[in-house]
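Dumping the structure here so I can ask a few things about it.
By written order: A, B and C. Residues from 1 in each chain.
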């Protein structure tokens, strides 16, 4: 079919489009490295007295601070292309190993949050759309106003205090209990659930509110379309009219919005993993920043942005794939 | 006793109520469509003809539109009938086609899927059988490559093709009454003529009554048995076609006829 | 001006006044350490209690308002200026400039900027000035899009043609004839962004990477909240509420203006 060829072209185009993007990220990252005020000596004096002469030498070697800028960039690019970001200042392990250990946890938690956002926001938004200005709709609007105004890390602290310390219902740190190894499979699952409940819920709240609001207006738009009148004129039951004809149209644009909400979610990982002591990539990044572990910081910035952007691209592509109108374009 | 006509509308009123505002869209409308008859309802836009047609099957928004009066279809009173029962009439015994086929077809489902949906719903057919029937209906509506059209989405087809698809969908359950709400208004002249011809042929082949709504009396001359003229929510003239064209009574009818003649002359010249 | 705007202005106004009048208003010096009254619960001598160094929470909150509000407002000033500049450039000149700028905007919008900000803070010093600049530099995409859209819409309008016919230069046309039309939406955007910037600053400071102690900011006052969880609720509750109320205030203003704009 013609549309398949067009689709392949579109995907190829989007993937090729990532290349200048990658170039942009690398340039930006490199610029940040070179923002570090001037010479390594200055670094030693002004930024961090903990950096020893030896590390400075290593730093100098890693970033080849004695070479001209363009040469340095080229070399850095060559190494970054094969994911060689050097060794951590902290324990001298390859930074890629350290990230590879931690990243799955962060990815898993963010996926859980995304799932929760979708599972909560879609039905909520649809309900509100069925009765605009009804009780549920008005409470959602009000709730959203508050949710957007609450600093999420503060909310996390309050909930931690309430559920973890006052009520003692939920654990407040880590992702597993000390006796995790000895638990039965169901016990393990329950333990994980108890540990992840608060971090996942709190990090999803903003997304739920925003997405429910979006779903609501999208559904209201869809319900006002002529094809809904046609669906009713065909004698379809109301459930079919709503959940087949209106819903499918309303839910599709949500994919792109979901993609756009990713950066916030991923950025939030740093804060939530620190608060809940979750050994993920976000906390690793926080520790790296606190210790000014430059190779680790740079590697994480590049890898996390790459992942977020790929996920974003994936969202756009799946939107183009599920919407027949976009399938034929470009 | 004389048999009651298929659709008998008596003293139909439609009032839209919004906060602080009340609009009467149709006032005391009465008409009848007999079996295999064609009634053309003409009038300028906003005269209440679409509202009348939609109210017959309970398709107006229930929160704001208040319908009173009577509309009997084959002996059953439709006004005030619960939605659940109305649904067994809609699509099966009374079918609709609308003005802009592209927007009245769901953009995210294929044409075949949307036609098959009605067949599965009202005739209890299986998936494969319904799809086959959909292809057959498309062919019946004069689409030359029905297999391909069935797999297409509305945006991939022309306006004329989409209207043919909508007609296939409407006729899927062999309805007794087809309500066509300005089905040719958004189409160009050539396509308009084709669709009119198609409806005339299908009416002859399948046998159904037609309530055709238009602002263009030229169409009435081709297809109508009777013509009803609406003006500001009221039926101002309702007669056999020949009589109406020979001696229009109401001023609005004369206006519509004059416009038609002007347009006609413009096209001929 | 409607009720929503007024409520917001009152909330923000009270905080701003308190911040300005901090030296007269606050009962103690914000940095005054008192080993004798560590983690005291709210009482008549310390209305909102004391922290783990015995410092008066109320005084630190009032001084913290200075930092948090000014970081928010100045950061947004920077991002709005940048956004207007790039948006006008893209919208008015179109073609390559537009393609390039909008590409950068798209990239930044799907970029986890929080990582970038943290990295920048790690390499630079986390001075208040740097934080304002960094937040400003990473949040100009919104106003840029707004201004671009407005200018693109106005480009073909008669009054612009008329101004051009009268010999007005490009800069004059943009500044005098186009930007005023974008003022309303820009104001809404800026007000919302101040709330966002305050939130961002508090997050950074909470992590210990924003405003550095002993200078008090609402965010860094919460840093010790986790350690005192279950022991001293006032350490968590008050600074958090201050952030919450400030953001609600700015959001009210934005919401009110949006309503007035229709």
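By definition in this document, a residue touches a chain if its C-beta (ideal position, glycine included) is under 8 Å from a C-beta of that chain, and two chains touch if they have at least 3 such contacts.
Keep in mind that this is a model prediction, so the values were computed, not measured.
Visitor: Could you compare the number of C-beta pairs in contact for A-B with that for A-C and name the larger?
Guide: Between A-C and A-B, contacts are more numerous in A-C.
Visitor: Using mean Cα positions as chain centres, tell me which chain lies farthest from chain A.
Guide: Relative to chain A, the chain whose C-alpha centre sits farthest away is B.
Visitor: From the mean C-alpha coordinate of chain B to that of chain C, what's the distance rounded to whole Å?
Guide: 58
Visitor: Starting from the mean Cα coordinates of chain A and chain B, work out the distance between those two points in Å.
Guide: Comparing mean C-alpha positions, chain B is 51 Å from chain A.
Visitor: Taking the mean of the CA coordinates per chain, how far is chain A from chain C in Å?
Guide: 23
Visitor: For chain A, what residues touch not just one other chain but two or more?
Guide: none
Visitor: Could you pull out which chain B residues touch chain A in their complex?
Guide: Per the touch definition, chain B meets chain A at residues 54, 57, 59, 83, 87-92, 95-96, 98, 100, 103-110, 117-118, 121-122, 153, 155-156, 166, 169.
Visitor: Would you pull the chain A residues touching chain B in the complex into a rising list?
Guide: 225-227, 229-238, 245, 248-249, 252, 323-325, 328
Visitor: What residues of chain A sit close enough to touch chain C in their complex?
Guide: 20-21, 24-25, 28-29, 32-33, 35-37, 46-47, 145-146, 148-151, 153-154, 157-158, 160-161, 164-166, 172, 259-260, 262-264, 266-268, 270-271, 274-275, 285-286, 288-290, 292, 294, 297-298, 300-301, 304-305, 308-309, 312
Visitor: Under the stated contact criterion, what part of chain C meets chain A in this complex?
Guide: 103-104, 107, 109-116, 118-125, 195, 199, 202-203, 206-209, 222, 225-226, 229-230, 233, 236-237, 239-240, 243-244, 247-248, 251, 255
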